[in-house]
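Notes follow the structure.
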Amino acid sequence: MTDTYTHEIRVTWGDCDPAQIVYTARIPWFALDAINAWWQDTLGDGWFQMELDRNIGTPFVSMALDFLHPITPRHRLICEVYPTRLGQTSISFAVNGRQDGVLCFEGRFTNVFVDPKAFKKTIPPEDIRSHVQKYLRAEGT
Amino acid sequence: MTDTYTHEIRVTWGDCDPAQIVYTARIPWFALDAINAWWQDTLGDGWFQMELDRNIGTPFVSMALDFLHPITPRHRLICEVYPTRLGQTSISFAVNGRQDGVLCFEGRFTNVFVDPKAFKKTIPPEDIRSHVQKYLRAEGT
Amino acid sequence: MTDTYTHEIRVTWGDCDPAQIVYTARIPWFALDAINAWWQDTLGDGWFQMELDRNIGTPFVSMALDFLHPITPRHRLICEVYPTRLGQTSISFAVNGRQDGVLCFEGRFTNVFVDPKAFKKTIPPEDIRSHVQKYLRAEGT
Amino acid sequence: MTDTYTHEIRVTWGDCDPAQIVYTARIPWFALDAINAWWQDTLGDGWFQMELDRNIGTPFVSMALDFLHPITPRHRLICEVYPTRLGQTSISFAVNGRQDGVLCFEGRFTNVFVDPKAFKKTIPPEDIRSHVQKYLRAEGT
């Protein structure tokens, strides 16, 4: 498990609400930052470059998150990211956020690959498929 | 169905990403704005007043959203909100967002009622229970 | 003064930080929402439609804000918006935010008109110029 | 100048608007993240810890930014941060953001020190004063 990709987030005062914990709506944002960082740090290109340079869009079709523990600025938020499923035209990710070793949220996300101009589902290019396959991992393993 | 609560959102340029549609991470934010507005417009108090004046916190334990159609600034986003379940110490909401009559996202959200100081689950006061019960509706009805 | 354009914002729990007031970085965001709403409600088109349908971009070159009073979810935030200067290729706006009659922030903003493709300064079309001129008002009047 | 504090920001797809550059309202947010990081990385405590552990609030009284060059996800945004003035009860910061060596924005920010409970101006403790003095630098030097 030592080689799972992680993305670190500095949680701030401005991310928190009056309950002194991160406002819930910030957490999917953090998770998306983590998925974008996964693409950028493993493939070399984030969503911006994928869409503009590679002509591949990956709009989200679903997300589901469980919030297990409050997130605060006391510790960095370490987001573990890995693809859990690669379909013909879709990809699913797990994003699990931890602070000081404590699991704070678990998220599951699914994108479809699209041609950005037509905004229609498309099969991703082979280099993307083979890249993702190297990182595929069943959930809970 | 004519009396379901709806919250209207003016979608802006700044909500959109380079694909010219609303950035995915904004959508749970919109949905939470809609749930907060439901409390404020039906009960009279939003989360801020519930926590500070009524001493009731409602942290989220889960959310799940399906994204069915892109959201743009071309139309207002009309978010239908209703509670779907009232447990002993929890409440679930449906939030369905439409633009120009087209369903753009469906979201399901669960909060627990807590004592804000202890951050422990608590049974909500009777006036909150009876308020919610008036609006309870099965999903899909 | 009764006919100055105002844009109303519902301030929420999620806009606030642990000091129980709106986080400072949200306030320029509110002010930009107010300027976008001014365009949309007076001209008929917000920034999204101006850029995509009218081929006019208005990037910001400067902003300056004074924060005079904390903003909370206790009242709606009423943002008064008016253009204060129309240059050959630029426009300046005043945005003043009030809650319950109390001035909370004063902001001054300057945009340039650009051709979105070239991202070069351009003279705005005559209908835009004459539209803005109807609303021009010196600051402090 | 080699020892000026810098804070690095990964600019993302979600920070950008349909013009394919960072949405203006995100830039003050970035600058505040940079000031908070300056406190956290030089003093050891960010705003959250300052307010909750040290009982020092630093609400903003003003900000002014010039936007000189569009910001994109093509490069990291390097924010140089330093205090430019320490008054009896206030502090001013310069935040200058660069991408690939190009100055993208210049910002000037002023906070007052307050007692968080009373929300009244207060003289900061001596260890904060002496800490800030080590980093004070005239603008433009």
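Order of writing sets the labels: A, B, C and D. Residues in every chain begin at 1.
In the analysis below, contacts are C-beta pairs under 8 Å (C-beta built on N, C-alpha and C of every residue); 3 or more make two chains touch, one makes a residue touch a chain.
Owing to the predicted nature of the structure, the values given are computational and were not obtained by experimental measurement.
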item: Most widely separated chain from subunit C, with each centre as the mean of CA atoms; value: A
item: Of C-D and A-C, pair with higher C-beta contact tally; value: C-D
item: Whole-Å gap separating subunit A and subunit D, where each centre is the average of the chain's CA atoms; value: 28
item: Intercentroid distance (Cα basis), subunit C paired with subunit A, Å; value: 34
item: Rounded Å distance between subunit C and subunit D, as computed from the means of their C-alpha atoms; value: 23
item: Residue list for subunit C, restricted to those that touch at least two other chains; value: 13-14, 16, 18-20, 24-25, 29, 32, 48, 51-52
item: Arrangement of touching chains [line / ring / star / complete / other]; value: complete
item: Subunit C-touching residues of subunit B, taken from the complex the two chains share; value: 10, 12-14, 16, 20, 29, 32-33, 36-37, 40, 46-49, 51-52, 72-74
item: Interface residues, subunit D side, partner subunit C - complex; value: 18-19, 21, 24-25, 28-29, 32, 48, 51-52, 57, 59-67, 70, 116, 119
item: Subunit B residues within the subunit D interface of the complex; value: 13-14, 16-20, 23-25
